[in-house]
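Pasting the structures in now, so scroll down.
Okay, so subunit A shows up in both of these, paired with subunit B first and subunit C after.
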Partner chain A sequence: MSTVTFWIFVPFGVSILLVLFNRFIRITRWIAAGVTLGLALAAAFVNFDELVLLGGRAYELSTSFSVLGRQLVLNSNDRFFLVLVYGLGAFWFLGAPAAGTHRLFAPLGLAIIAILVASLAVEPFLYAAPLVELAVLVSIPMLVAPGRPAGQGVLRYLIFMTLGMPFILLGGWALNAIEINPANDTLLLEAMLLLGLGLAFWLAILPFYTWLPLLSGESQPYNAAFLFSLLPTVVFFLMLNFLDAFAFLRNSPVFFQGLQLAGTIMVATAGIWAAFQRDLTRLFGYAVIQETGFALLAISLHSETGLALFAAGLVPRLIGFGLFALSLSVMQSRNVSLRFEDEGLAFWQVPIASLASLVAIFSISGLPLLAGFPVRQPLLEELGAGSIAVAIWALIGSAGMMYGGLRYLSALFRREPTTGQPGEGWYQIALLSAGVVMLFVAGVFPTPMISMMLNVLSGFANLF
Partner chain B sequence: MPSWVVFILLVLPIVAALAIFALERLRPNFGLAWLIAMLAAVGGWGLLLALGLRNPAPLQLADWLPIQVRLDDRLLLQVDPVSWPLAFSLAALLLAVILTAPVRLGQKSIPVAWASNLFITSIGLMGVLSGNLVTLLLVWSLIDVVELIVMLRTVQEPRLNRQVILAFAARVSGTIVALAALVVDQDAAGSGAPNAFPQANVLLLLAAGLRLGVLPLNLPYQQEIRMRRGVGTLLRMVSTATSLVLLARLSPIEVTAGGGALLLVASAIAALYAAAMWASAANELDGRPYWIISLAGMALISVVNGNPLNSLAWSTLMILCGGVLFLYSGRARFSIVLPILAAAALSGLPFTPAAYGWPGVVDESFTVFDLALVLIPALLMFGMIRHAMTPGDALKDMQGWIRVAYPLGLFMLVASAWLIVFLGAGQTLIVGPWAVSLASSLVAAGMLFAAHRWRSTAHENRRFEWIRSLFRVIGKWLTSVLSLRWLYVLFNDFMKAVHWLVEGFSVILEGEGGVLWVLVLLALLLTLLLPEGLR
Partner chain C sequence: MNEPAWSWLPLTLVIVSTLTLLISQRWRWSIIAFAIQYIGMFWMISWEWPIGLAAVKLVTGWMAGAVLAISQPGTALAETGFTRISGGGFKLITAALTWVMAFAIAPSLQTLFPAASAYLMGAIILIGMGLLQLGMSHQPLRVILGLFTVLSGFELLYAAVDRSVLVAGLISGVNLGLALVGAFLLVNPEPEETL
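Entry: the complex of A and B
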């Protein structure tokens, strides 16, 4: 038995079966949720280095698997990453019935998770690029509902993601060349530039993020948010893998300065743009950009605290995106307009969804009392220790997002109250309420959440 | 004294509130609910009185974050000479609200409202007892959210909703400025230990000023929202007290002469304008936002002058003297004594509570600017007496126990003002700059006399009607200038221009040629940022 079989091939095989039976939409959603939840729990409790007892018999788990001369490796260091990614999958699939996602969401979502796990497991890492590209291609039918034409956002997403692949491959080629000729500084810089550009395309770093607001406006918000939370998480871990593996990269001040500059511009521009949006889906797009920017800023600190803050930020981001996307989907499913001009009725038609989206926006913006704050504020202070200007621009970005939230709040209460029952179903109410409560609890008592997330850094021994 | 006493102080009102909620659900009993609320309020007030004599150890709930950061990440609550006067004032206000509640039975003073009062006070106590900025920021947000929910549930008109949201936005802006203070404060890096309250004092001053509505003057509530007297008063005072505690905790501010003068003038204009509006308000409830701004302005002036501890005198008097008037709904001939006693406490005459506040506002070299400051308490006292003399609900028609509890509640407020200066380690009974306080009191007395005279000779004043009209026009003009609405219109225009720019960029980058523009931008960035060898 191999860990690769369990955490890559099994979910991928299940996803193929689910695609074949995609008409049974309820069953596929629950199976996908069950499989991901089971794999997350298994990763949490099974020790890869010990014998596994199953039905009274002991089995040894091998941690590598050879495919066409390449190795797929999932060892103990990857356990918490597997918990994170499959937990993330379970989180999204459990919410799918409430969001009313289309029939391909769960099957393709499961396939994307398996492929992205493979991209992290593959050695040499160069082959991660085609696997990420494969995940992007699989995600297209998930983003475009069956029978609908692809919009401009989806096309741009495909263009930019595809452009990322050759840069990563070329970067890998340059890295191989460096191994032969380590004294060649130009080659070092070229490798760094190529890898940097590749990662910039994949993470939608400035100026390649224009597809994000477009895509969030075109696709079903829940499907888009699934991708927005999964893809950057995996790509960030790929980046940390690069940093962990290549000393010249992690010792390069230029690389980290570049991350900081890109992160600052992303956070500030996304905040300023968010402040003036009049459409919730676009506001969501800018929230995604800002979160990516903050993650870049955390890594750019080039310190143990910075990495800890990056890891700590994963959960508030996940809950925030999930809650935001679910409330948008609920509103859409009840034919409530997501434009601010028409939001006056939203509060009276879907009160819990509209308030949940508001709480999500404020959490993402880092308002005290909500989950984003315990991570955001220390990060700003750490940034301020290096450069006050960077910290202030990042704070301006946060303030812009809060201003966007305030404008939405104002739009919600613009009309006379009307009476009637809330439009949400009980499962939707339960999930939305749970999301709001989680954001508040994580905002006031962040220690358990952060302590748990710090484990995902255990695989990066060279970074500290 | 052990630190868990602080915990009891916070939990007691919450437990009582929950008990009242449960009672209302299971077996409604009006008298028992009031008794529970009253016992909790008396318990809290008594406990704080004891804590004033002997401060307990700080209550540290937890190290908030499991990672090493520059932030002082403790959740810290402490009773000390700074927090105690404000906490005691809030406890006294709660006690007064509960004791006077039976008078307002006809105005929906119901057990659920008393439970809300207990809950709100508990949050307020948490705020004023905050031992560092992180704890305070969390409480600020909690109060903002609670106030937003309460207000939005109270009002039903879109126009009033807008005011509520504007007030929330102003408070959130104050929170953002406080966050900026944490970011800018880099002293921790030098000394090794993070500061409980950052050294970026001007930013913290601005943060508190924004939340209080003083710096810059902002009055989101153009029209006072009608709320229950008890809940409305407590909510306003709790929210304000948690901002005022920050002022008292600031170390003396170091600003440039120009910056200091600007802050002083801005605070003084806000305080003077608000005092004038308070004095001329239709009634005490309509004037409530102005009362708060005016006294908060005095507290700010103390801080800008480098005397943050003196600001506590104005802060506590805002809660206690204001409380007397805002809860003064039942009126009888004898009860006017209580607002007069409250006005006396505010006068600043020797050995009154405000005598400790005056040295923070004026120094020995008396200037023309100080003359303007003399007018502020004068207008406030004049307004107090004026509003107290208007007719209210008749107290004599009420039951005997209510006629005892009601004045007792108001008296507790006035008594607490004196108790603070008797017992508090931070404030003491002093003579103070008696000439200034005497001048202020005389001006107030003069205004009262003039107003009385004007009213009593109303029939003879017709020929001077033009003077009245002239004053009205000048007043209107001054109001429009001093309320800074013109500044907010300018700001709005600026935001519209930024909006236009943002929309323009979005259209370019997301339009048909967007991909090309992105590549051009990339080329530009690479040209600017790449090291020479790679260009």
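Entry: the complex of A and C
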């Protein structure tokens, strides 16, 4: 038995079966949720280095699998990452019935998770680029609902993500060439440029983020948010892999200055655009851009604290996106307009979804008592210690997002109250309420969440 | 590096096919040009790789072309933003600029990629023409063909520095996946139903 079989081939095989039976939409959603939850729990409780007792017999788990002369490796260091990724999958699939996702969401979502785990397991990890591209290709039918034409956001997403692959592969080649010839400064610069461009395409870093607000507006928000939370998480871990493996990269001040500049511009511009936004789906797109910007800023600190803040930010980001996207999907499923001018009516039709989206916006903007604050506050403090200008711009970005939230709040209460039953179903109410409670609990008691998330960094022995 | 014999011929195939892909409004011509583009690319890669491995690129490209051909509706290439003559003229001028750029920078790229000048010109022309196609069109078929053209150029560059069978296989998988995505975007399947 191999860990690779359990955490890559089994979910991928199940996803193929679910694609074949995709018309049984309720069953496929629950199977996908069950498989991801089971794999997350197994990764949490099974020790890869010891014998596994099953039905009274002991089995040894091998941690590698050979393919065409290369290795797929999932060892003990990857356990918390597996918990994170499969837990993230379970989180999204459990919410799928409430969001009313289309029939390809769960089967393709499971396939995407398996492929992305393979991209992090492959050694040498430079081969991850085509696997990430395969995951992007699989995601297209998930973003374009059956029977609908593809919009500009989807096409731009496909273009930018596909353009990222060649840059990463060529950057990987340049990195290997540097190991043979470390004195070649030109090659070093080229490697950083190629990798930087590849990561910029994949993480939707300025100026390649124009597809994000478009995509969140034209695809079902829940499907788009699944990708917005999963893809950047995996690409950030790939980036940390690069930094962990190549000393000259992690010792290069230019690389981290570039990250900081890109992160600052993303946070500031997304906040400023969000402040003037009148459409909730586009506001969601800008929230995603801002979160990516803050993650870049945390890594750009080039310190253990920065890395810890990056890891700690993953959970508030996941819950915030999930709650925001679920609220938007619930509103859409009730034919409620997502434009601010119609929100007064929306509040009286779907009050819980409206309030949940508001709480999500405020958490993403770093309001105290919500999950985003315990990560955002020390991050701004650390940024300010290094460069006060960067901290001020980051603060402006956060304030812009918060202003967008306040404008939404004002739009919600523009109409006179009317009486009536909430439009949401009981499962939707339960999930939305749970999301709001989780954001408050993680905001008031952040320590357990932060200490748990630090475990995902255990695989990066050389970093900082 | 010495130029292989007849090196201008695959380069001409690449130039003509990419120009046809950029200008043509008829899907049959586009698919034929797409197939010819892969012949040119295969020819060039065979200078760097064994014929057997290089043939993988040709077979993959033709399979992708076949998938796109059987799934396209008749209007898949129709442009709305350009008139036929002015649009064609504009595209021809931008294509000419791309060729000039390729001829200008290919020799300097030889310091990075150990390949013949015609080989690098072919790669740059493919990347440049593919990016033009991506920048000028909103039609899914044109976007997919543009992505294939860019990826072909990159594959040429990468083949000059790496001969990994796994990467060749994975990139072929990506190409076939891209063709299937293109087919999905073109076919526009039946409306949603739940059981």
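Everything that follows uses one rule, which is that the second predicted complex is superposed on the first by the 464 of 464 C-alpha atoms of A that agree within 3 Å, B and C clash if a C-alpha of one lies under 4 Å from a C-alpha of the other, contacts with A are read in each partner's own complex, and residues count from 1 in each chain.
Note that in this section a contact is a pair of C-beta atoms (placed from the backbone, for glycine too) under 8 Å apart; a residue touches a chain by one contact, two chains touch by 3 or more.
Model, not experiment: these values are computed from the prediction.
Partners subunit B and subunit C fit side by side in the overlay (superposition on subunit A).
Once chain A of one complex is fitted onto chain A of the other, the partner contacts of A:M165 are limited to subunit C, with no touch recorded for subunit B.
Of the two partner chains placed by the overlay, only subunit C lies in contact with A:P141; subunit B stays clear of it.
With both structures placed on the common chain, the touch criterion links A:E190 to subunit B and to subunit C. In the superposition on chain A, A:F208 makes contact with subunit B only, not with subunit C.
Applying the stated contact rule after C-alpha superposition, one finds that A:I388 touches subunit B and leaves subunit C untouched.
In the superposed model, A:P149 lies in contact with subunit C only, and not with subunit B. On the chain A superposition, the C-alpha centres give an angle at subunit A of 140° between subunit B and subunit C, rounded to a multiple of 10. Legend: residue contacts after superposition of the two complexes on their common chain; A:L68 is shown touching subunit C, with no touch to subunit B.
Of the two partners subunit B and subunit C, it is B that touches the larger number of subunit A residues. By the touch criterion stated above, A:L17 is placed in contact with neither subunit B nor subunit C. For the pair subunit B and subunit C, the model built by superposing on chain A gives 6 Å as the shortest CA-CA distance.
Across the superposed pair, subunit B and subunit C both touch subunit A at residues 152, 159, 190.
Residues of subunit A that touch subunit B in their complex: 152, 156, 159, 185-186, 189-190, 193, 206-208, 210, 213-214, 254, 258, 261, 272-273, 276, 305, 308-309, 312, 344, 366-370, 374, 377-378, 380-385, 388, 391-392, 395, 398-399, 402, 406, 409-410, 413-417, 444, 446-447, 450-451, 454. Across the complex, subunit C is touched by residues 23-26, 67-70, 102-103, 127, 130-131, 133-134, 137-138, 140-141, 144-150, 152, 155, 158-159, 162-163, 165-166, 169-170, 173, 190 of subunit A. Across the complex, subunit C meets subunit A through its residues 112, 134, 138, 140, 143, 146-147, 150-151, 154, 157-158, 161-162, 165-167, 169-171, 173-174, 177-178, 180-181, 184-185, 188-195.
Partner subunit A is touched in their complex by these residues of subunit B: 62-71, 73, 134, 137-138, 140-142, 145, 152, 156-158, 161-162, 164-165, 168-169, 172, 175-176, 179-180, 182-184, 186, 189, 498-499, 502-503, 506, 509-510, 514-515, 518, 521-522, 525, 529-531, 533-534.
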